[in-house]
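What follows are several structures.
Each of the two complexes below includes subunit A, the first together with subunit B, the second together with subunit C.
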Partner chain A sequence: MEHSGFRILWREIVRDKLALISLIFFMMMVAFVFGISLFLDESEIVTVDLFAIHEPPSSQFWLGTDYGGRDVFGQLIIGTRNSLSIGILVTLISGIVGITMGVVSGYFGGTVDNILMRILDFFMILPTLMIVIVFVSIVPNYGVMSFSLIMSVFLWMGIARLIRSKALQEKELDYVNASKTAGSSHLKIIFKQVLPNISSLIIVTMTLNLAANIGLESGLSFLGFGFPESTPSLGTLVSYARNPQTLEYRWWIWLPASLLILILMLSINNVGQALKRATDAKQRRG
Partner chain B sequence: MSKVPVRLLFFAIVLSLVMVLAACNENSTESDVDKPETDVEKEETEEAEQTDEPEEAGGETEELYSIDDFSNIKGEDETPLEGGELTFGLVSDTAFEGILNYNFYDGNPDVQVLQWFDEGLLTWDENYVYTNDGAATYTMSDDNKTATITIRDNVNWHDGEPVKAEDLLFAHEVIAHPDYDGIRFDASLRNVEGIEAYHNGEADTISGIEVVDEKTIKITYKEATPSLITGGIWTYPLAKHIFGDMNVADISSSPEVRQQPIGFGPYKVESIVPGESVVYSKNEDYWRGEPKLDKVTLKVINPNVVVEALKNGEVDIVDSFPVDQFPDNADLSNLSWLGVTDRAYTYIGFKLGKWDADNGINVYDPDAKMANVNLRKAMAHAVDNNTVGERFYHGLRWAGTTLIPPSHPEFHDSENEGLPYDPELAKQLLDEAGYVDVNGDNFREDPDGNELVINFASMSGGEIAEPLVKYYIQAWEQVGLHVEMLEGRLHEFNSFYDRVEADDPEIDIYQAAWSVGIDVDPDGLWGEQAAFNMTRWTNEENTRLIKEGLSEAAFDLETRVETYKEWQQLMVEEVPAFPTLYRAVLVPVNNRVQNYAIGDGTGIYRYQVGVSAEEPEVAE
Partner chain C sequence: MWTFTFRRVLIMIPQILLLSIVIFFLAKMMPGDALTGLIDPNIGPEAIEAQREKLGLNDPWHVQYWNWITNLFQGDLGQSFQHKLPVTEIINQRLWNTFWLSVLTLILTYLIAIPLGLISGRYNDTISDRIITGYTYIGFAAPVFIFALLMLFIFGFQLGWFPTGGSVTPGTVPGTWSFFLSKVYHMLLPALSMALITTVSTVQYLRSEIIDTKQKDFVLLARSKGVSETRIYRKHIFRNSLLPIAAFFGYEISGLIGGSIFIENIFSYPGIGQLFLSSLMQRDTSVVTALVLLFGIASILGTLISDLILSIVDPRIRMK
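Moving on to the complex of A and B:
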């Protein structure tokens, strides 16, 4: 289904050169990282090699090695893949939960709305970081999937609120009433009519969320609650810089990862900003 | 709209930075194809490569150091000034607790604060045997059960009151008091005659202690053991004229312990910022003589900034330096480095039984997963700790051999090689013991053909924790043993010890480290009744040898040395645990500091410390 909303979004991106470059760069990065990591042997990359500790970049180790003699370039690729996967997974899971909650709550209103919003309030007041840290240290199998699930549990509220308010407006509109009168089921109205009408909002929020979510794992790893070193991630690489010696003398361990995080977030943000403008006719450039 | 170019510019800068980074490495991409395949080759090729690499400024990692190259004394290479000030850094990422009395403190940071203003009545030599050079002299009776301690006449508390025999008696009374809230009432104090009765309220006095005159005290012990003269006598008096009227329970929180602590050491406490710093001034009345320095400032310094603080002379000395930062800073022009073998070791222990809390003994379980001695030996032979020490710690930690570390030179058996790295022998031992691979998964099964997965528990924290554990697991894989990190990760310090001490059935082997006391007696760590013996292994031979080491016969040094040699050999043969790394303590000292020493029995005392310049030297 070609929706006119999507065409506006696309046109806005094409008009904004920065957003276009960012989008292309991001796509290439994703393809590159996921492509290359197919050919990398993860267990070999995390193998400790006593005879290659802290090697500076060389022909054998493109980006040198860390304090366990592990190849930083390999870790960077796998790490980017892991961090991207987390970002995308968290955005999708929290997005789906949030959208469903929001649209149901907004569309039905009344008691349903009341109950769902109280549940949401409950999640909002939880001291998220503390609980995440506790979960992370008790979960028996700590990997990309479990981490994404844990994070998603605490990240769906914002998007749910946003969608609810939009759905509240939307359901008062004539097309919804008309559809109701015509006898369409609630499910059909929600998914076939309301949702497509707020899809541009969804796309924009999800894109902007994606940028934030990629940084999530890095932040937690930096605090020391991230993945074990056997699961490389951008956050783990950056957190090596907590050691003053690494920070001062061994830039190759943390600098590439830090720059990569910066660029990835910038690109996604650039795209997101363009999309955001597209949803508001007054700001559009195209 | 006008914002866009700026954003674009920023983005472009970042992008170009990345490109430059990528380009840096591009020229070297092609030669990467032929990676050496076997491990042996890898060692050789890479070592060859390392030698012709240009040295990184400051960051060279291949250098090897040895504790033998360090002195533990910085003597007097320049004449110290009369007076002067000095700053002492206490390396810690938390505040010090501030229980500033030897009778009450319980953490190492507090000792560092205490050392400047208080001391024990007796000093000891490098073998930890009490000497008569301290503030008091002592003699042992013929049956070795009674110590007579005579305090020198000129030893006075900071407030001018003389240190009396009854102060030492008072210290015993306070520690043994039921309301006492410290941790000093331990086995060696319980050895004092009549102290248990006093502790239980059955007696008003401690029958084994007799104050002969103002400066002389006689303490009688229940059992004569050689431990008595190597740390078994409590030598820290407690000022009765100050604390005498207080309730015992209130002493540790009183201002005389926390804010205005008292001692009879070379310096007096001038002021304290709790947990952060202490200013000392000189005690002109110090019994050894007037201290050189006018003022000493002690401050807590975070391990992350300790190098900077030393470079710019913010601190002159630190209590101990993070060893992993040493290689990058070994050449700092304004520092001299002192080193000494630490009274500590890291070891890998095998869980072999249970703690019987009711009877307070370790019970060996012959059916434990690790109960096969050849399996344990093989695991010890499979790991190359010398290489670990050289590569991870630049030689500042080195392979352990026996469970008495070389910090006790008299008792450490340097001829005992322990279980050196020998993977072939390890494989052979496993084959003989019936651990063979029957299902072709490259891992050995146990003698009954069941899959063997060994769970390895280790602590997080410390720079090299994770790669080290990974290395051990890889090394065991090389000999065909399937070892996994417990739950796939490292465990936080407290929960690690909780689980190991509680004999968590999930844990098969664990890596831990500890400091050993100044007395060599291993009873508290490896004895049948030691709760600390977390392997839970024990046998009759072990109990016998430990007992012999404490018997009256062991007052003869040679007998005691022989006994402990035998014990070390027993532990090598039975391998309930094997030491992995011995370690060095390094202390940087600013060049202007004179007469400073670390370690025991150096004959250099704190009052002699001086500085040869008003201002600390700054690194070039």
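Moving on to the complex of A and C:
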């Protein structure tokens, strides 16, 4: 009984062929990218080589080179790894903040709820994308961690709202009252009972958020407000297409990265949608 | 109704106030201030200091904020040091380009969403519904900027059907018919690229709304009275499903703002999204501040419009 929630999620994915293929593809992609990048010499890939500028794909450069003579295929692998890492990190940080805020707000209610929700309302009215862009341009030097933190500050609200409304429902249920009467502490009730009961919802939201965050990170890098060229992400490669010459004549630089972002986001979304169906008994297939 | 409207409008005042405070501090944190571009390298540090004093840059923050916000209410957003022009003038030049692009995008969004939603809701689980649902799956996942790049690559460069940048053909005279046509022609591909993505959520919503409505009792009653199927859909189901969709248009505004930053950048379309990025790169603080404030207020207003329409459509919302 204990893990029946997870079993339902898993069963739904297996029933939905597209989601299963997407999940396998995503897993293979992660293993492949993180595995191969162990053997790649990163500093050599991002070093400018003026004798090999804009070379079309060949046996030496599988996907040609960019305007600095850097191997596009190597950048694609490293870029995918960086984009995935940031996406996962942002999803985790914003998820933890959002879940904490949501659970505390919903479980305790009253004044605590009121204060936390006013803070949330405040973040909701900010024009997120623009503020993140301005922030990134203010911070002089940032790494993967600080970049992820900046993004997370403005991305926890959706999940917090969702978890709060769910926690509000849960705390009215008898099992919570029974635990309270039996003398369990609030922390114990939250961690041992409320959270496990909303875990499938958390997994669904985090999966869908992961896709959105990868999209947002590559979007920021595309606009030039992500990482410097020495730390390529998928968005960096796409951003070379802002040069019309590159867009028109050198597809090998930007097209593979664009398609990869598209496929990655599609496959994560497919898994997410299948999981979402599993949490709603009316829509379940299996 | 009026109390709800009044209360809802009242909430906006602290919202806009908070927004302005955040933006004020962001502007303070940005490197360079109103003086950066004006400094003549031959002037000594004492003169600069005197100038700072005169401009009020040494005042405590609440005095500076007060000065900024009162100027704001008088329509004075400061001076752009990059363009040496008042900020309002620079924004005004670009604002209308973005406004018309957004209007066209909204029109296209609904032009695409309504027929697709109707077809896939009415004939659910048929081949055409599957195709439309598949499209919404892809559109839901695809980031706007990737899709727009692909559109520009295919229809702008490879096929050459559309112009690849700008907002009007150089040399056309403003006010003439050909000027208008050229404007629309330049907007068409950017607007279509954005609309094809933003329309997806409306299609999905309309579809599930129609599937819900068509099982309701009043539809059954109409059918048993012998009303024709076309009439049932046109008069009964469509009308009931359309109102909530209409209400969403206010929420779309914040999405359009985010999208316009990408779209204008990709299609080199001279609107305020592009102005925002270029001002940020050139550290033109006063323009950036004004634009973030403008976009913030626009999306607060958008939410207000949607909330009000929704409260008319669904009176239960007013109870909150």
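Throughout what follows, the second predicted complex is superposed on the first by the 284 of 286 C-alpha atoms of A that agree within 3 Å, B and C clash if a C-alpha of one lies under 4 Å from a C-alpha of the other, contacts with A are read in each partner's own complex, and residues count from 1 in each chain.
Heads up, the rule we're going with is that contacts are C-beta pairs under 8 Å (C-beta built on N, C-alpha and C of every residue); 3 or more make two chains touch, one makes a residue touch a chain.
None of the values given here were measured: they were computed from a predicted structure.
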| item | value |
| --- | --- |
| If touched residues of subunit A are counted for subunit B and for subunit C, the larger one | B |
| Subunit B versus subunit C as contact partner of A:244, first or second or both or neither | both |
| Touched partner set for A:197, first subunit B, second subunit C, both or neither | neither |
| Touching partner for A:279 - first (subunit B), second (subunit C), both, neither | neither |
| Contacts of A:262 with subunit B and subunit C, given as first, second, both or neither | both |
| Touched partner set for A:131, first subunit B, second subunit C, both or neither | second |
| First, second, both or neither for A:57, with subunit B first and subunit C second | first |
| Which of subunit B and subunit C A:219 touches, first, second, both or neither | second |
| A:179 touches, of subunit B and subunit C: first, second, both or neither? | neither |
| Footprint overlap on subunit A, comparing subunit B with subunit C | 137, 242, 244, 248, 255, 262, 266, 270 |
| List of subunit C residues in touch with subunit A within their complex | 15, 18-19, 22, 26, 29-31, 137-138, 140-146, 149-150, 152-153, 157, 164-165, 254, 257-258, 261-262, 265-266, 276-277, 280-281, 288, 291-292, 295-296, 299-300, 303 |
| Parts of subunit A lying in touch with subunit B, wherever the complex brings them together | 16-18, 21-22, 25, 46-60, 62-63, 67-70, 137, 140-142, 228-230, 242-245, 248-250, 255-256, 259-260, 262-263, 266-267, 270 |
| In the complex, subunit A residues that touch subunit C | 121-122, 125-131, 133-135, 137-138, 211, 215, 218-219, 222-224, 238, 241-242, 244, 247-248, 251, 254-255, 258, 261-262, 265-266, 268-270, 273 |
| Residues of subunit B that touch subunit A when the two form their complex | 4, 7-8, 10-11, 14-15, 17-18, 21, 24-25, 28-32, 35, 42-43, 46-47, 49-50, 53, 56-59, 61, 304-305, 307, 324-325, 328, 384, 387-388, 391-392, 463-464, 466-468, 470-471, 474, 485, 487-490, 492 |
